[in-house]
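Handing you a structure now.
We call the chains A, B, C and D, going by the order they appear; numbering starts again at 1 in every chain.
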Amino acid sequence: MALNTLEFDCKAEAASVRLAAPVHYGVVGSGDLEVILEPCDLGGGVKVKVTTPISGFDAVWRKVVETFVNRARLADVAIDINDNNASPAVVSMRLQQALAETAA
Amino acid sequence: MKAERQWNTLERDTAQRMEAAARFIGPGKQVKVEDVVPLLEAVVRPGDKVNVEGNNQKQADFLAEALCKVDPAKIHDLHMVQSSVPLAAHLDVFEKGIAKKLDFAFGGPQSGRVAKFIREGKLELGAIHTYLELFGRYCLDLTPRVSLICAYEADREGNLYTGFNTEDTPVIVEATKFRKGIVIAQVNKIVDKLPRVDIPADWIDAVVQSPKPFFIEPLFTRDPGLVTERHILLAMMCLKGIYGEYGVKRINHGIGFLTSAIELLLPTYGEELGLKGKTCTQMVLNPHPTMIPAIESGWVEAIYCFGGELGMEDYVRARSDVFFTGPDGSLRSNRALAQTAGHYALDMFIGSTLQIDQYGNSSTATANRVAGFGGAPNMGCDAKGRRHSTDSWLKCGREVPSMNELIGDMPRGKRLVVQGMETFGEGRAPAFVDRLDAWKLAENAKLDLPPVMIYGDDVTHLVTEEGIAYLNRCANLDTRMAAIRAVAGYTEIGLRAKPEETKRLRDDGIVKTPEDLGIDPDTATRDRLAARNMRDLVDWSGGLYNPPARFRNW
Amino acid sequence: MDTLIGQGLVALEMIVDPGSFQRDRVGAKEFTDESYGPGAVVGTATLDGQTVTVIASDAEAFNEKFPVVYAGIIGMEEGYKMASAVYATLAADVDKPAAQKRPLVLIVDTPGNGPGKVEEIFGMNKATGAYQLALAEARMAGHPIVAAVVGRAISGAFLCHGLQADRIVALDAKFGTMIHVMPLTSVSRIIKKNIEVLEELSKSNPVFAAGPQFFYQLGGVEALVPEIEGLRGAVIEQVAALRAAKAKGEATGPVGRAALGAARGGRVTRPQVAARMTAEFAAVADKYRPHA
Amino acid sequence: MPNWSKLQTRSFLESSARERALGLVDEGTFTELAGPFDRMSSPHLVALGEAVEFDDGVVTGVGRIGKRPVFVISQEGRFIGGAVGEVGGAKMVTTIDLAVAFAEELRAANPKIAADELPLVAISFETGGVRLHESNAGLLAHAEVMDAFQRARGKVPVVALIGSRIGCFGGMGFVAAATDVIVMSEFGRLGLTGPEVIEEEMGKDEFDASNRALVYRTTGGRHKYIMGDCNFLVDDRVAAFRAQVAELCRLPVADFEQFRRIGSAALVEKQMRLVALAAEMQPKDAYDVWRRAGNNDPAGLGDAPVDDFRKQAQRLSV
């Protein structure tokens, strides 16, 4: 019954975008999530942690986050997510919004 | 010499029944509440086709319940022919053995029981229709012998006022009465003078003032407070990539939060895109409260309604340039005419669905619920009998590469049929599936066909948060399937999309992502909505809109 | 006697000096209207010789004016009546030094607050809020306040009649003593978790299970009383201890119980949060000083 | 960080706890304490396999309005209905404690310090009370907040802001009632028992919980304004709530006693007169009480734009 924690690393193909400062975005509502993006020296890679009550979607999580990391060309970022059954569409959207916050 | 044939058996049979009922019918055709069940027992005979009026809005609920109380020993094996079965009483008649067979269009809250009763052999299903299809059959092979209808008011002669919620009443009464059938009406009130006569007294056989006003469901009210950023993103894509791209003027909006979002974006984002006057000028639509800001901003020239919507009475009355209102000032909403307009005179239908398969067939059916169709399929298809042209219809047709394979070089248009939904729905259920649940339902409920709301070949555009698939631009099924995969996101079907294939489709303008459309998803925020809550709608209407109690949060 | 549930008045008589309880009189104040908040029993007694204010619930009373109030429920009238008794206590000893302020004894057996329409229209939340503020004020003024949970101490009713006391003692669970927000079966239904799993979890984690022993672990009650006969002694002992603790400025009441919760290992996150916030504020406090 | 100026125009109802907190104080002045980067989420939710939030659903911190340090507590209704557990409760209590300690420190350093340089606490409530997943700890936290309020009395004013989706119910309904000032919007609700429980208790004929109009006229901002249970009824904008708090920021702490509903013997006497009226009237509907207060067309008043409502509404006095 415990919460599931999913951890993995990934690397963007043309990793070049680094964060100036950490950012937090979102609310863990039903079907929603919050995310922290933090700069972190990872040799150009990205470290991901997802905490969620739902299990069995590991491959989809990986795919969604990798797509985001690739599109944003992120490097040296730790991504920490608290999820409450967000759909992949919502996950993509929140990640994108979190990133947009850093630019704002 | 051949035997003399009786040519008026129906008429004589009706006369007999009415004679048996005469003692229950007083002056002005009025029947007392306590006499309604014996009245029904007098006029209904075993095996009759019987209509109980009701659709997804108003319901002849008192008469429906009265029909449940007749003695099944006297009255049984009825064949119910009616638009919808949303009330418990509509199914109770099958449970009690009063009715046996059902032909209908829309299941509503009882759709689970319909499936169950079919499986248990309590209910023999004729067919599931669209409204228009069923109305057509009222005039051919499914003519009701007895119809139980509802109206707001009757006068002392038995004339009826159906007013704001006219809906199915004219077509039911006309089909029944002109084939010598019997029409019994429940009304909320009997008055000296009606605001206007919608149904003349000589088409009515009996009138009862029901103990409670008839039930009516505010089915088309969407609280703007529940419109999400994802709805807004999809709505922005629709407005820019479809409404604007094709300049569609004559539109029906299926009910849902996507179309509510579109309606609420017209005065803001629509205006930014310069679309006012170029799109949404004529609509076939219930009086959606979320249309108020667009109407107030001068977007809409005319709206014809299928039915009424609770709380919109005063607003509609005060906007007679837009709505079809009678000499008394109140709306008349004739569903048969609205559906006709919806089938023939629209350039676009846009709605949402629960599931869509890899070919683009879509359905709202789940494995254990016979939900029915209502009117959507008549609007969500290309009307093959259409012969007039409009620019948007022609453009959509011109873009169909395979048109010439069927009709050579003859120009022909095509209705835009748009399905918009998020790739995952409620509870993370994928909207894109290999096989529709409709197949399972067909099996479970012993249907001849899986109930498909909109067939793949009718869908011209598919919109998800990933982008728009312009299916009308696809030359063949393979390309259509690829385009569907390209917008199916992280569903299993979407994960099968090949990046290079998707890129080709984007280059060819068959798939457009938000980026291709020049829409930044981060700007899809609720600030864009012309009204963000029910209160805003009331304010937009200048206090004319009077939301039902359950929608009032102040 | 195997339970005191529904017998708040019996418990009252057992705790105070025999025959000393004078109902409806607190200091100079007299509660003359018998129909006003009949379920709230207030009065003055002596406890081991010293004058105390006593507040209890009468499970037999029914409030004719507010039909959702019965069986010891604290409704609007009851809440304000209890608050008045506390203010009358404050007034009675207003000129006395802190060390001589009379104790308040709360006999706790109440199943809840009035959940009605009229209650919401007129703001039931104020009545219980008023009582809590009054108790907190009396506690801070020096009155020792001891709550004795003898029966039901349920959710909001316990919040107002009990949890603002300096010290709380509770009769052992074997007498049916109930302390909870909701029974575990209801919790299980609402949070959609299997009851067996919750029962198992509650062995190691006291935060959601119902019962005085779990509140003890959390520091929510200071002491458990193993036998009914021990109630009087326990209350007398707490009053004496409180006089000493208050004189030394030791934390009592909710703050004291928070510390107890940490010490007993039931609420260990709370102090971590407080420490973290205090440190974080200290680091930026200068920004918020005048002329910064 | 969301754009502060844009936040001001936002609907308070739709704003998240963090947006409300940020928007309430002057631009750039908010320091979050035990914020999401501290990752102090509830260990009890983890044990139950429930989703957690880095801030446990309560945003706490300190900012400024003008010269006044404003300590903010803001509850997030979208996370488990804003319910209060051990961590969230500790954050609330500590925020008030910090404000009181800071006030004492500033006063000790400068006994003549201006009123508008001393701390104020603002709480944006959005909660149904105790979090059932950790109900015992949640209940105890409620008692601590109440106690903290009493300790703040006369030292630091406490202002309640209620205009979020969940409203303010359960034990937090007591807590809000015990603040010095209550500011609501028409979308806010304040009470003890949620509508579903009342329906369960009294039957659907007496109280239909799905009838939102009924629910709002029983516990909503307009009703609470007429009853005197909320002091100020403001528009549903972050800027409007902020403006009201800014206005209050000019007052010395002693002036806040005038706004209170409860918290003294005299106020309890006054509330008892109100209860006597309830007993006498036995109202079937809140509108009966509106009428009693001198509002002849309660339905019309209930539906009028909020500006007109403020101008026209007669408030109940006993």
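Note that in this section a residue touches a chain if its C-beta (ideal position, glycine included) is under 8 Å from a C-beta of that chain, and two chains touch if they have at least 3 such contacts.
Chain identities (UniProt): A = Malonate decarboxylase acyl carrier protein; B = Malonate decarboxylase subunit alpha; C = Biotin-independent malonate decarboxylase subunit gamma; D = Biotin-independent malonate decarboxylase subunit beta.
Since this is a predicted model, take the numbers as computed values, not measurements.
Trainee: In terms of Cα-based centroids, which chain occupies the most central position?
Mentor: If we average C-alpha coordinates per chain, D lands closest to the whole-structure average.
Trainee: Would you identify the chain whose Cα-based centre sits farthest away from the centre of chain B?
Mentor: C
Trainee: I'd like the Å distance between the centres of chain B and chain D, where a centre is the mean of that chain's Cα atoms.
Mentor: Roughly 44 Å, centre to centre.
Trainee: How big is the gap, in whole Å, between where the Cα atoms of chain A centre and where those of chain B centre?
Mentor: The computed centroid separation for chain A versus chain B comes out at 42 Å.
Trainee: Averaging over Cα atoms per chain, report the distance between chain A and chain D in Å.
Mentor: Centre separation, chain A to chain D: 34 Å.
Trainee: Round to the nearest whole Å and give the separation of the Cα centres of chain C and chain D.
Mentor: Going by mean C-alpha positions, chain C sits 24 Å from chain D.
Trainee: Mind pulling the residue numbers of chain D that touch at least two other chains?
Mentor: Within chain D, the residues that touch at least two other chains are 47-48, 50.
Trainee: Specify, in ascending order, the residues of chain A that touch 2 or more different other chains.
Mentor: 1, 85
Trainee: Under the touch definition given earlier, write down the residues of chain C that touch chain D in their complex.
Mentor: Residue positions touching the partner: 65-66, 68, 76-77, 80, 83-84, 87-88, 90-91, 113, 115-130, 132-134, 136-137, 140, 155-156, 158-160, 163-164, 180-182, 187, 190-191, 193, 201, 205-209, 214-215, 218-220, 253-255, 257-258, 261, 267, 269-274, 276-278, 280-281, 284-285, 287-290.
Trainee: Mind listing the chain B positions that touch chain A in their complex?
Mentor: Against chain A, chain B makes touches at 229-230, 233, 422-424, 427-428, 464-465, 489-490, 495, 521-522.
Trainee: Would you pull the chain D residues touching chain B in the complex into a rising list?
Mentor: Per the touch definition, chain D meets chain B at residues 9-11, 13-14, 186-187, 210-214, 216, 220-222, 302-303, 305-306.
Trainee: Report the residues of chain B in contact with chain D in the complex, numbered from low to high.
Mentor: My answer: residues 225, 526-527, 532-533, 535, 538-539, 543, 549-554.
Trainee: Okay, in this complex, where on chain A does chain D touch?
Mentor: Going by the criterion above, the answer is residues 1-3, 22, 24, 27-30, 32, 34, 36, 38, 51-53, 80, 82-85, 101, 104.
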